[in-house]
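Per-chain residue numbering starts at 1, and chain names A, B and C are given in the order in which the chains are listed.
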Amino acid sequence: MKKLWMILLIPLLSGCWDSHNIEELSLVVGEGIDKSKKNDEIKLTHQILVPPGTSVQENQGQQKYKNITVSAKTLHEAIRDSLLITNTILTNHQRILIINEDVLKDIPMEAIINMFIRDNSIRRSCLVLLTKKPTKEILGNSEADDIPSNVIFELKDNEKRTNKILPPLTLGQASASLQSDGSFAIQAVDIKGGKLILDGAGVIKNSKLVGVMSADDIASLNWLNGTVKGGIIEASHHGDPFSVEVIKRTRRKITTELNGEHLTINISIGYTGRLSEDWYTKENSFKESYFKDAERVTEDKVEQDVEKIIGKLQHDYKTGVAGLYRYVENQHPKFWKKNKKKWDEVFSKADINYHIDIRIIDFGSKGGTK
Amino acid sequence: MTQSDGKILSVELAFIISCGMLGVGMLTLPRTITDNINSPDGWIILIFNGIIIGLFLCLLVFLLKKHQVSDYYTYMEEAFGKWLSKILGFVIVIYFIGVASFEVLAMSEMVRFYLMENTPVEVVILSLILASVHLLTGKIKAIAKVCVFFLPLTIVIVLLIYLLSLRVVDLKNLQPVLGNGILPVLKGMGEGHLYFFGVELFIFLFGLVKNQNKVKKGILIGFSIPVILYVITYVLVVATLTVPEVKAVTWPTISFIQSYEVKGIFIERLELFLLITWILQFFCTHTIYFYFAAEGLTKIFRNSYTTNLIVLVPVIFLLAKIPKNTVEIFKMSDVLGYVFPFIFFALPILTFLIVQVKRGKRSG
Amino acid sequence: MRSKTLHIKLGQKLENLKSLMVMQDDVVFKEVFIPSYECSGLFVYINGTMDYPSFNEIVRDLSVAQVVSNHPISIEQSVISKICSVKEQKVSTYEKAMEFIFDGKTLLFIEGIEDGYVLNLEKEKMRTFGEPSTERIVRGPKIGFIESLQENIGLIRQYSSHPSLIVKQHKIGTLEKRTIALIYYQGKASDSLLQEVNRRINKVKATDLQDSGMLEELIEDTSSSPFPQIQNTERPDKVLAALQQGRVVIMIDGSPFALIAPTTITMLLQSPDDYYERWVAGSFLRGIRYLSLFVTVFLSGIYISLVSFNPGLLPTELAMSIAGTRENVPFPPFVEAIIMEVTIELLREAGIRLPAPIGQTVGLVGGVIIGQAAVQANIVSSLMVIIVSITTITSFTVPQYGFGLAFRALRFGAMIFAAVLGLYGTTLFFIIVISHLSKLTSFHEPYFHPLDFIDKKTWKDALVRLPKRKNGGEPS
C-alpha cells in the first residue's frame, strides 16, 4: 500500500497547474469605469500595486501604484485586453469600484457590476462609488505616496465621526438591492483642492442614475434612515450658533399604515447627544431648561432637514431610496406584493411623518460662562 | 477499548451521522430551499422537518431494537428472501456509490471554482478517492476517529466565522415571517427531507453500536448538530444576501462569507477557513458513503472488503466524470434525492412489517 | 578438555587455562603466596574489568592471615571468611571457569583445592546518575536513567516500594546475552496487554540488541509508520506514572531509555512538568505544544500554497509585502522553501554530531549568517527565512525527540503536496496524516485516542491540564 502511494505521487509532481508566483501578478486594488470617447465602448482603469523594493534606495521616488487604462466593449474583454500591457490581473484584493456618472446615465448598473459579481475572485465586500470626474483622475490623484484606492477605502471609516457620508455600499449590497429592484443611494467621490473627498451621492433607480445629492442631503438622508453614527448638528439659539455632537441612537421605530391605497409612514427616532460647542455668551447648561431649549432647537433643525429631503425624494427623484420599502414589505406583505412594481409611485404619494427626539446627556467639561 | 473489535460507541455514532450529513448541503442549502418556497421562511421548514425526522428516528430505533437487528443485510434477507434482498441491497449500494461520487464531484467543483482553476478535475477527484481508500482500510473504527476529530474542528471554525459575520447580518431581510401565508411553506416541507441526506446511514450503523441502550441519544445528537448548523447557516446567509440574491448565486454560503472581511488579524479572508473545513467535511461524507458501498458489496457477494475497495475506485471516479457542467451536477443530486425517501422511510417500515408477520407466523 | 573438571594441581590448572585462552592477551594470571598455610593461590581475571582496591584488600587479607593454634581452621574456611564480602560461588569445570572469566568475574584457585572460587570484584563501568539530557524540564526530579539495568531497576524500586510492582527479567540475544526487564504493576496492567507484550518479546528472543530503540522497532505494531508507537523516556518519574496507569515498561541493559507501551499521541506530547507546574501554566504550555506541532508540519506548506496558488486569500497589505520581499528571488516559493528547510536540517544534524562548543558555533553561523546572506543575495526571501525559523523552533517543543523527528520529516510531505495542489493539497495532506494516525494502534490500543474527544475524562486532560483534585492527580 505504501509503495503504491509513492508511484501515484510521481505524476503529481509534474503538476503545479495553478502555481503563479505572487510577484508576477498584478494586484488590483481599485477599478474605475468611464465612458470611452469612441461610441459604446467602456474605459476601464485598473489601479495596480507596485511591490516595494527590498532596499531603501529602490523605494525612494518609486510610486507605489500604476494605473492602466483599456477600452473595450465589455468589461471582461477590457480586463483581458489589459493583459497585453501588464502581468496577470489578480482581482481578489480589489477594494473599490468607481463608476463615472456618465456611464450610469445610459448603461444599467446591473450590467456594469454583473461581471464583478460573477467573478469568483472579486470579493463582495468591495466598495462601490460614484464620481463626476473621469475615474482616471480620481485614481491618479495621490499625495505623499498614498495609494488613492486605499485613501478612499479608509475614508469610509469616518462614518462614525461625520453624518455626511452614506453607510458604505458594497458590491454585494449593490447586487442584492439591484436584484430586489430597490432604489438606493451611492456615495460619490470628488477632487477638491487637489484632494480626494467624499462628497454627495447619486440616486440609483431601476439601475439608472436619476439624480445627485449634496453632502448635506446625505446627512439628512442618514437622519431619515436613522443611520447616523456620529457627527454634529449645527443650530442656533439666542442668535448664536451652537453644535451638538451625536453620541448614539437610542431608538428607531418605523411603522407603516395603510388606508386603502394610501400609505402613511411614521418614523420615530431617538438619539443622545453632547453639547460640544456654544457661542452664546450667557450659556448656563447647569440649568435644565437651558439645554432642554437647545434640545428642542436641534430637533427642529433635524426635522426641517429631513422634511426637505423627503420632499426631494418624493418629488425630484420620485423614488424610495431610503429603504423604507422593507418596512412596507414586512408589515403589509400583501399590499407590497400588489404594488411592488409601482412602489416609487406609491412612495411619492405617501405621507411620511418624521419625529426625532434628541436628548443632550452631557455638555462636556464646561457648562457655563460668566 | 481495543481498535480491532469493529464496534463503535454511541457517541461515535453521533459523530459519524453528523459528518455524513454535513456535505454539499451546507453550501447550497440556502439556495435550494429559497428556490423552492420563494420566501425567507426556509428556517421554519428546516426546524419542522428536523423535528419530524427526529421523531421518525425514534420510531426507527424502537423498530430496530424490537427485532434486535445486528446487521441490516441479514435482516433484509429474513424479510425478502435471499435473491430479492440481494437485489435490494445492490440498489442500496448503487445509491451509496452515487452519493459518494456526487460528494467528491461537488468538492472538486468547489475546489475548481475557488482554489484552482487550471488543475484538471480528475486529479482532484482521484486524489480524494485515494485518500479515502487509505482511511477505509482502517474500517469503521478509523472512520469514526477521523469524524470525531474533524467534526468539532469544523463546528468551532464555522461558528467562529459566523460570529465574526454578525456585523453584516441584517435580520430585516428575514421578514416578513410567513409573508406569503403558510401554504408555500407546507409545500416546501414536502421536499424538506432532502436536506437531510445522510441520516439514512443510521439503519446500517445500528448494529455496530456497542452500547445499544444509548443509541437513541446518540442518533438524536448526531442528527441535531447538522440541523442546528443548517438553521444558523440559512438564517445568516439569507439575512445577509436577501432572498432574490440567494437565488441568484451558485454557492450562497461562500458568497456570504466573501461579503465581509475581518480587519486586523493575520488572515482577514475567512472563506479560506470555510473552504478548508469543507474539504474535510466533503472527505468525511464521501468516505462514509464509500465505506457503506464497499461494506454492502462485501455483504452481498461475500468477497473480500479490500477487493471491493479497489473495484469501487474506478467506479466512483467514472461516475463522477459523467456530469458535464454545474447544472448537471445539481441534477445528479435531484436524482439521488428520489432514492433517499425509499431507503430512509419505505424500506425500514416495509422490512419491519414483513419480518413482524413472518416471525409472528413462526411463533404462532 | 573444555568440559573437563579442574585439576587439583595449581600448576596444571594454570597451564590448561593458559592454553585454552591463548589468544586472549588481556587475561591476567596472578600467583600469590599465602604464608600462613604455605600454599600458593592463583587469581585469573580480565584486565580492566576488576576493581583493584578490593582485589588488593583480599590479597592483603590472605597474606596476613594467621593460623590460630587453638582453633585450627582449614584454608578453605579461612578463604571463605576472608572473602565473605564478595559473592562466593564455586566452579568445577574449565568451561564454567572460562564463562565466569569472560563475564568479568575473578577466579581464585588455591593449591590443594580442586574447585575454584568465583569472586565478584567486577568494577561497575557506568556513569553516575545525572540529569536526563534529552528530556530537560524546569521543575521536577532531575534524575535520569543510566546504562545499567540493575541500577535503573533499583532506582524504580526506590521510589515505588509496593510489592505488586513486578520486575520480570529475560535474557535475549545470541552472541551476547542481554537482560531485558518487563516492569508492571500486577492488577493494574491488563492481562491481554501482558500476553501481547510477552508474545512480541518472545518473537525477538534471538536478536542481538544494542539499544531499546532497536527493540522498539521490532515490537511495535506498524513499523513502517513515521510515528513512534512506543514511548521512550529517560525519566524515572515518567516511568512510574506510566506504571500507575497500568502500562508496561520495558528496559534493556545498556540503554538508558525505558520503553513504555501502549502509548497514545497525546501522551507523547505531554511533558511531566505540565503536572508539576500550576494547572493554568501547564494547560497553556500544552496548548502551545499542540499549536507548534501544527505549525511545524503545515506552516511552510500553507505559505507555499498561499503565495503561489491563492494570493487572493492573503490580506492585501501582507500580499504586498510578500510580493515585495520576493521581487528579486529567482525561485518559486517551493524551491525557496526546500533550500532553506534542507539547509536548516543540515545545520541541525551537523550541530548534533559535532562536539558541543563547535556545534553551537555551527548553529549560530548557519542560522544567522547563512540566513542573512541568503536574503541579501536574493536567493530566498526574508519572509521565507522567518517561516523556516519558526517551523524549526516549533519542532523542538515536542517533548519526545523521536516524535518530533517524525513531524520534521512530514513537513516536507506537506510542502510537496502544497506545491502540487496548493491549499487543497495541504488539506489533503492533513487528511492523510489524520487518517494514518487514526488507523495506528499501539499494542492494539488506539493510538489516536484521547485526541478523539470520546472519553470525556481523557480528552479534557488531553487539551488542558485540569487542577489535580478533579482528575485524580495522575500524571502521565
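Following the convention adopted for this analysis, a residue touches a chain if its C-beta (ideal position, glycine included) is under 8 Å from a C-beta of that chain, and two chains touch if they have at least 3 such contacts.
Fair warning: this is a prediction, and the values are worked out from it, not measured in the lab.
Colleague: Using the mean of all protein Cα atoms as the middle point, what chain has its own Cα mean nearest that point?
Modeller: The most central chain here turns out to be B.
Colleague: Can you name the chain that lies farthest from subunit C, using the mean of each chain's Cα atoms as its centre?
Modeller: A
Colleague: Roughly how many whole angstrom separate the Cα centroids of subunit B and subunit C?
Modeller: Centre separation, subunit B to subunit C: 48 Å.
Colleague: Find the geometric centre of each of subunit A and subunit B from their Cα atoms only, then give the gap between the two centres in Å, rounded to an integer.
Modeller: Those two chain centres are 41 Å apart.
Colleague: I'd like to verify one number: the distance from the centre of subunit A to the centre of subunit C, where each centre is the average of its C-alpha atoms, in whole angstrom.
Modeller: About 67 Å, centre to centre.
Colleague: Two-or-more-chain contact residues of subunit C, please, as numbers and ranges.
Modeller: 309, 312-313, 421-422
Colleague: Residues of subunit B that contact two or more other chains, please.
Modeller: 115-116, 119, 123, 127, 134, 137, 269
Colleague: Residue numbers in subunit A touching 2 or more other chains?
Modeller: Correct list: 12, 15, 18, 92.
Colleague: Residues of subunit C touching subunit B in their complex?
Modeller: 192, 309-310, 312-315, 318, 421-424, 427-428, 430-432, 434-436, 438-439, 441, 444-446, 448-449, 451-454
Colleague: Which positions of subunit A touch subunit C when the two form their complex?
Modeller: 2, 9, 12-13, 15-16, 18-23, 25, 27, 29, 49, 51-54, 90-93, 95, 121
Colleague: Under the touch definition given earlier, write down the residues of subunit B that touch subunit C in their complex.
Modeller: On the subunit B side, the touching residues are 1-4, 9, 11-12, 111, 115-116, 119, 123-124, 127-128, 131, 134-135, 137-138, 141-146, 148-150, 152, 266-269, 271-272, 275-276, 279-280, 283.
Colleague: Where on subunit B does subunit A make contact in their complex?
Modeller: Per the stated touch rule, the residues are 113-120, 123, 127, 130, 134, 137, 172-173, 175-176, 179-180, 240-245, 248, 255, 258-261, 269.
Colleague: Can you name the residues of subunit A that touch subunit B in the complex?
Modeller: Residue positions touching the partner: 1, 5, 8, 12, 15, 17-18, 92, 120, 123-125, 170, 172-173, 175-176, 179-180, 326, 329-331, 333.
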